[in-house]
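Shared between the two complexes below is chain A, which pairs with chain B and chain C, respectively.
== the complex of A and B ==
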């Protein structure tokens, strides 16, 4: 397991309480699972993603991630319509472990209220929270 | 206040090697190492893995009346338990069974080893040494038996996988002699220098071991018992010897996935405080050949023969790798959608997959070309109605329903029973 100091928490993205991340890319928001979550879950063997066109409110369950050991839900950090899903995860769910912020992304969202991004944590805040919990 | 957890002598080694440590019973144990549970699972099927199992407990039972005490407390008939002919237990042989209470419910499952005439050792699960010792004590009556709980006094590690023998050959004194006649469920040597048995198995640095051809993965391998003070040294020696053979240290996650798909129960999850009968482990009970009665009397046998509302435990295999989460108390539904029971274990064996109407494992000799399994969910259910292999039921947790088939076996082509000479030869060819 990674020490908190070993976690990769980039500063260009925002973090939700349940360890989903969100990154503004033009007018869409890309969403995935952060380094802490993938490390805790261990080898991810399956990711169940929503359909393009589905809409979710902020905080609603939109994906299920299955590791060798556990099954967990993921909650959308910003509400909106799903406009892209990472189909590479169907064949290669391990991308979530290998590259949580790039190749292992989950979905792109067309946000209904982009300001919801502001409610999410910065990497510094996320780190503080993890240190507090440790 | 949080209960303080115990550490095995290998704790520092696990942490130094990046293990993800979790609390398991009273112990801090590795869940997986940096290689990850998938690679560890595959290593045991194709190469070898080592597991720290020193959290398990050991009870020594000695005395002129020990056989009689074990005969009434343990579910195996020690007069008739070895091999196909059901011969009596002899020194150097061990058997799997359970300790039950008067209601036929499980205190723990165990392996009983006959060390010498009137000297036995039983290996039980973490934290249960005391309870099993007290249970034996309670039924000792006037019998002349001495019961010693060696919990946390003995170091234990398992090496499992087809390369296990070849790895041990590098560290054992006279491995040919040690491996001679070493059938499944036999053992040699002893961990206490003072015993005359200790000379039977030694490492090249002189450390005496009890080497047992048993394990909890369904694959070829050994359980190794050493004096606790030697455990780290022995572990490191075997770890180093295994580096040329693809040996990986393995955590509890793969111990669970390997044992479940080998149809081995986890105590207090698949067997527990309910009657120990109508389950896939009938070989742990002293049945007569037609399974109409038991061949001996033992604690719990009356209760097992007189059950009001029987429940049945079955193994199942899914159609893809999706699981239900046992933490959500998933239920079993029949074809009409009626609740018929509970899911005891549900894991994913990532090394098996369906092809046509068969299941293959990555170590199946006849697997289809380019066979790359994604894994299948599997485990155990306990239901109130009798089911037959091939029947399909649904498992339901809060997020999903999955269809699974009731089966009599899960992971095919396991190596646990493979003759030792054969597996050494095969692996030599492959190297």
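== the complex of A and C ==
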């Protein structure tokens, strides 16, 4: 597993307490699982994603990730309608391990309240929190 | 024995039976037909399944070789936490193999099954006595089935009072089957965090217990191997809102003859005969998950129930409030005989002693390894103790690597990455089966592995080295499973 100093936490995205990330892309928000979570979970073998058109409030369970170690629920960092899902994860769940911020994205959300992004942590805040937890 | 248990030996490769078969080989001969041939209706016939043609020795060698790749409690220590992989005494098999039991048919009328019914009747009472409850059903076929039966009993109880509730409280240390059983029964599980001592606090339960909560499902001792000391207070809180207390008895091996579950507020408890009562576990045989209840829930138990009337045992069906059958017949009868045999062989005093020794063994391992491995909760444990890989992470060695390396030393790995509340958990349950010498050898193996983690971490990353099958690609196995026969 990675040391905290080895984690990749880009500064162009925001982080939720449960290690989901959110990135504003035009008027949609792309969501995935951060480097810390994928590293802690180990090899991911299955990702269950919602359907396009589903809507969730912020903090609601929207996906399930299964690794060789555990099954965990993921919570949507920003509420809204699911407008795209990364179907590549069906066949290749390892993309979440290999490329958590790019090819391993989960869903795109049409946010009902884009200002919910502001409540999420910056990479610096996320790093501070991880240091505190260790 | 000073040298390591783990060694290498000649292990034979073995192909799949389909690769091994040769057209025309046969392992049996059938007697000459002595009746007129009578062809089946054509609609009922087809080419039949693709079974390989094999001789008797082909088949015997096949399964003997596969068994030699295997590791069981008859080969060595098998300390899987929360699974109670205790030794299964051979006398159990002998009793279950008696022709009167093994040849009994579940559809025989009661007056021709008096012996079998007597065993079931007495066995129900023994289990009620051991748990401090009043009545038992033997029908559930395994632990999770017992849980579901328990949830159905809770539902039936509230229904009889004319109310319908929607939630069940479950602590974060629970077995995964608990929330699953709750959900299957139509309830919503409400998760409650254990406190900094690894157990439930009464306050946490008081915060969530309300008039829409049907009850609580709590494993005691819990999956951290800790006794839920506040259980009595928790039961009072749940009962004060007319809820019921369900105890997952998976860890009953710690408290036989010591804790009277009925007296500390438990209304329903299931037992795992394949854990606590020494019947074979895992691939060795089916499970059995009897459920014991307090008197006020007896009328809801599944039917038929074995009762005694005028000195005869009968199967009684007339219980209008019953949740009805949960098994096609009477449950896994052969497993009951084995557990009955165990209870009668041990007697009350020795069952209590078994629990005491199981707890002593776990505490011995905990004390002797706690400076080697990070101990999640440094306090007296019950029948299992939970460590983590916290001290080894700096060497890039994880729980999984140490578990794999244990195989090279001749031990089955402990339970890993469970319970989820401990990061990188290593849960060790030695059971009362192991002698001090065996425990010492296990402890020394773990210490040697921790040294290796510091000095030669790659040895662990590549482990196991001496097993028939080396490090498995678990991710590939889960992502692209090969399910060919």
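Note that the second predicted complex is superposed on the first by the 134 of 134 C-alpha atoms of A that agree within 3 Å, B and C clash if a C-alpha of one lies under 4 Å from a C-alpha of the other, contacts with A are read in each partner's own complex, and residues count from 1 in each chain.
Everything that follows uses one rule, which is that contacts are C-beta pairs under 8 Å (C-beta built on N, C-alpha and C of every residue); 3 or more make two chains touch, one makes a residue touch a chain.
Small disclaimer: the values here were computed from a predicted structure and weren't measured.
Peer 1: Would you mind checking whether chain B and chain C clash or fit side by side on chain A after the superposition?
Peer 2: In the arrangement built by aligning on chain A, the partners chain C and chain B clash.
Peer 1: Could you say whether A:64 touches chain B, chain C, both of them, or neither, answering first, second, both or neither?
Peer 2: first
Peer 1: Give the label of whichever partner, chain B or chain C, reaches more residues of chain A.
Peer 2: B
Peer 1: Could you say whether A:1 touches chain B, chain C, both of them, or neither, answering first, second, both or neither?
Peer 2: A:1: touches chain B and chain C.
Peer 1: Is A:73 touching anything from chain B or chain C once the two structures are fitted on A? First, second, both or neither.
Peer 2: The answer is first: A:73 touches chain B but not chain C.
Peer 1: Considering 26-34, 134-142 or 152-160, which region of chain C has C-alpha atoms that clash with chain B after the structures are aligned on chain A?
Peer 2: 134-142
Peer 1: Could you tell me which stretches of chain A are touched by chain B in one complex and by chain C in the other?
Peer 2: Comparing the two interfaces on chain A, one with chain B and one with chain C, the shared residues are 1, 40, 42-43, 45-46, 66, 68-70, 94.
Peer 1: Name, in rising order, each residue of chain A that touches chain C in their complex.
Peer 2: 1, 40, 42-46, 66, 68-70, 93-94
Peer 1: Tell me, which parts of chain C touch chain A in their complex?
Peer 2: For chain C paired with chain A, touching residues are 393, 396, 398, 400, 417, 420, 423, 474-475, 478-479.
Peer 1: Quick check on the complex: what are the chain A residues that touch chain B?
Peer 2: 1, 39-40, 42-43, 45-46, 48, 64, 66-71, 73, 94, 97
Peer 1: Using the touch definition up top, name the residues of chain B that touch chain A in the complex.
Peer 2: 18-21, 31-32, 36-39, 41, 253-254, 256-257, 321-325, 347-348, 350, 374-375, 397, 399-400
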